[in-house]
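After this come two complexes, each holding chain A, first together with chain B and then together with chain C.
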Partner chain A sequence: MNLSLSPLVELLFFPGGLVLLASGLVYEFVDRKLVARFQNRIGPRWFQPLADVIKLLAKEEVIPAGVVKGLFIFLPIVALTSILTAALYVPMFGLKPAFSFPGDLVVTVYLLSLMTLCIGLAGANTEDRFSLVGATRALTQMFSYEAPFLLALLGPAIALGTWNIGQINSAAGNNLWFIIAQPFGFIAAVIGLMGKLELPPFDAPEAETEIVAGALTEYSGRGLALFRIGRDVELVIGLTLIASFYLGGLANPLDFLWKTLILLLVTAALQSLFARLRIDQTVGLWWRIGSIMVLLQLLAVVVGRLIAPLIPFLSSGG
Partner chain B sequence: MGAEKKPEKFVVSIGPQHPALKEPGHFEFAVEGEIVTSATARLGFVHRGMEKGTESRTWVQNLYLMERVCGICSAVHAMAYAQGVEKLAKVEVPPRARAIRQLIAELERIHSHLLWLGVAAHEGGFDTLFMLSWRDRETVMDLLEAITGNRVNYSANVLGGVKIDIDEVKSAAILKGMDFLEERTRHYMKVVTEDETFLGRTRKIGTMTLEQALRLGSVGPTGRASGVPYDVRVDAPYAAYQDFPVNIVTDTAGDLEARFVVRIKELYESYRVIRELVDHMPAGELTTRIPRRIQEGEVVSRVEAPRGELFYFLKSNGTDMPERIKVRTPSLCNWGSILATAVGHRLADMPMILAGIDPCFSCNDRMILVKRGNDQTVWTWEDLRRYGIEYYK
Partner chain C sequence: MTTPMVGVIEKVKTWARVNSPWVIHFNSGSCNGCDIEILATLTPRYDVERFGIKLQGSPRHADVLICTGPVTLQARDRLVRVYEQMPEPKFVVAVGSCGISSGVFQGCYNVVGNIGDVIPVNVYVPGCPPRPEAIIYGVVQLLKSLQN
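Let's turn to the complex of A and B:
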């Protein structure tokens, strides 16, 4: 689709800005509702995520003693900003990315990680025991899933010979879907996204029965609301990325809708299937199984690219 | 860096209001990274002065007070108390009343164990099991409500018998409920023994050896999971357990998984014995007369609560009020096992180890005053009240 909107409108309303925030809240609702139904609960009403955010924004923000005040206020803003910036390079809603340049995949993945970094810093900034433990866990978890997640996204990129998200998106639609060509990469990407978003069973960094809310224990009001919106938008961006890479690209908004919702259904099912992994189990899982799986996949892709010119029917996919 | 050279320990202090359970307790875990190096617990945040309270109430009034010692195992408290008073008054309870008492106690055990299963799963971050087991628990809650009229404090016991009866309709409902629950429980057994992520949180976690269990005096399913062959229902049968016996369930592993397995197998036993009770319910009276004033004497009454041995000591001075009532609840016996098994585990395992004994905070809080030398002061109710206000300030 080639709509020409003024950059300001693109940034503030569509596809960035407000619509992006709204879609984050909608996807949070769908996720919560699905998990609730899997657990035989009724689940929240459709406006609950919005109501939560409004309530949090209206509440007083308590700045605890012993924190670096500027950092405490600044971190949620940086987190949300980086996530919103990442959205500009991703084919949100099946539209062409607002901005794009060769190699924007790396920038996007980096911007998405900034969220976790901010959460880790926010936890380390306070003196609260729960926050400190949560921050340690959040950063530990980041170091375990980050590499496999990036490698999983690189699989299609290398196979297609471009590191530009927009080009990968349009090329993925013309090829065999990468979920079939690179199943391990798909699994690693979906599970990596769950780790990124600290969804169960990878919710050790915010395990409510152990460390209350983890790194964000001391946050209330505006800061917490910004972090929450950031995470919701990150969910949408992550789903979009995986759908455009592995599910044959996103050609139009309808494509976007059904592919991301199916992915969301899968993650919701995974969320309700397992018990929470301890942080050492998470790290073990990623480095012992996840990384090796993805590395083998990558090796196959590279080898496939080398021998593809020799065998004509392999030239698509890798 | 040696451990002794590190005076600055990183202590994670949890509670009294804490994330793990919905009852107040204070815990301090010294951690190195994620590994717990020492654990301490402080209780006493929900002391209610019930034992003292019994001394200014009549024997009959106390029945209703004792039923409220614990919100989950209320019927066994009333039963232990009633049995003690009946023993003091030398009164025989009719067989039908004893069978109904056992029926209520076993239904209560089912609801308590299913509740625990959900709570323990929640501690391990397995919320699906939590939600589903609590949904199924509603079956037994509804049964108890249909039989007694209450969901929590059933108030089925009276001194000298019971005040509820089981008819054909209720029997059929109970049998139907047991069939449903048995099927579900077999499913949960499969989940807790086969689910890989869940086993990762329970297998070889919080292991307590038989020797440790005996030394720490663990009771109930916690002790039986470590192989302590002790169950009041078997070793000193009360109510109708003589005629409708249960089999003792033990395990040797002593870890959290064994505690799950033991409690779930106890559920099977409860389903079986409830079916037998309903099918062969003895006919006859529900109550027998009991005097208002209980003759002088002392008695010990023990029952097997869902969490373990519940101990009542009753002393009468011949009036219509007790001289002294001492209650020792099973949670108190099991606290030591947490502190002993916590060291060396990860902080992430603490909630599950804590929940593993199925602790009940409010029913085990006591105040003890150690008399030094020839101190003859007797604390009055007013003294205690004032002390309590000062203590919690």
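Let's turn to the complex of A and C:
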């Protein structure tokens, strides 16, 4: 789809800004409802995430003793801003990205990681021991999933010979779906996304049975609300990225809807199936299995690209 | 800002508060009977997420403090501290007979009194221990009182 809107409208309402925030809340609701149904519960009502966010925004924000005040206030803003910025380079809702330049894949992945970095800093900023442990775990987890996740996204990029998300999105639709061509990459990307969002089984950084609420223990009111919206929007962006890379691209809003919802169904099922991993198990899983799997995949892709011109039958894919 | 605007904003705030009460659970010296019932309330069978009720680990995230038991000398400072850590607006539900009157522990050498003696309580849920339905009913009464 090739709509041209004025940049201001694009930024404030669609596809950035308000519509993006709203879609984040909707996807959080779908996720929570699916998990509830898998657990044989009725689950939350459709407006639940909205009520949560408004309530948090209306609450008092306690600034605990011993924190750097400026950092405490600005970190949630930086986190949400980086996530919203990342959305501009991603084909949200199946429309073409609002902005793009060669190599915006790397920038987008870094903008998405900024959220975790902010959570880590927010935890390290407070004197609370639970926040500190949570921050350590969040950053440790980031160092473990980041490499496999990036490599998993690089697979299609290298196969298609472009690091521009918009071009990958449109080219992925013309090829064999990458979930079939590069299954390991797909698995690593989905699991990497779950680690990024600290969803169970990778919720050791915010394990409430051990360390209260992890890095965000001391946050209340506005800060917590911004972090929550940020995570919801990150979920939508992550699903969009994976769907556009591995599920044959997003050509229109309908395409976006069913592909991301199927991915969400998969992640919700994984969330209800597995119990929480210890942080060392998480790191081990990604470095021992995940990254090696993805590296082999990447090697195969590179070799394939070198060999492909020699074999006329395969060259249509590369 | 005009008055009708403020009214609408207040209405939205109240709506959000009523529909998203996050609770934290604190035992200030009870026999654990009420705590087991509270945990039963949070299980999938009763599924309080239907009403937006979520158990939070951190007092900073919570709106409703669910307390059980009489307040012992040891627990008193902790109870006050947890209450103080919660951001406004905050509410307290005292669950069980001991929270109302110290129950069988009344007059013990180590008991300061009931929960109402230490922090302001919004709703009392009687019972020894109260059933999960009673606890849900108590929280619903609290939410109804917020609406008015």
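Methods note: the second predicted complex is superposed on the first by the 315 of 318 C-alpha atoms of A that agree within 3 Å, B and C clash if a C-alpha of one lies under 4 Å from a C-alpha of the other, contacts with A are read in each partner's own complex, and residues count from 1 in each chain.
The rule we apply is simple: contacts are C-beta pairs under 8 Å (C-beta built on N, C-alpha and C of every residue); 3 or more make two chains touch, one makes a residue touch a chain.
This structure is a prediction, so every number in the text was calculated from the model and none was measured.
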Joint occupancy of chain A by chain B and chain C, clash or fit: clash
Chain B versus chain C as contact partner of A:Gln39, first or second or both or neither: both
Contacts of A:Val212 with chain B and chain C, given as first, second, both or neither: both
Contacts of A:Arg129 with chain B and chain C, given as first, second, both or neither: first
Which superposed partner A:Pro200 touches (first chain B, second chain C, both, neither): first
Touching partner for A:Ala51 - first (chain B), second (chain C), both, neither: second
Common ground on chain A, meaning residues reached by chain C in one complex and by chain B in the other: 39-41, 130, 208-209, 212
Chain C contact footprint on chain A (complex, rising order): 32, 36, 39-45, 47-48, 50-52, 54-55, 58-62, 130, 208-209, 212-213, 216-221, 224
Residues of chain B that touch chain A when the two form their complex: 10-13, 19-20, 31, 34, 121-129, 131-132, 135, 195, 197-198, 200-201, 346-351
Chain A - residues contacting chain B, complex: 38-41, 129-130, 133, 200-201, 203-204, 207-212, 272-281
Contact set on chain C toward chain A in their complex: 12-13, 15-17, 19-20, 44, 47, 49-50, 52, 55-58, 60-61, 63, 85, 87-89
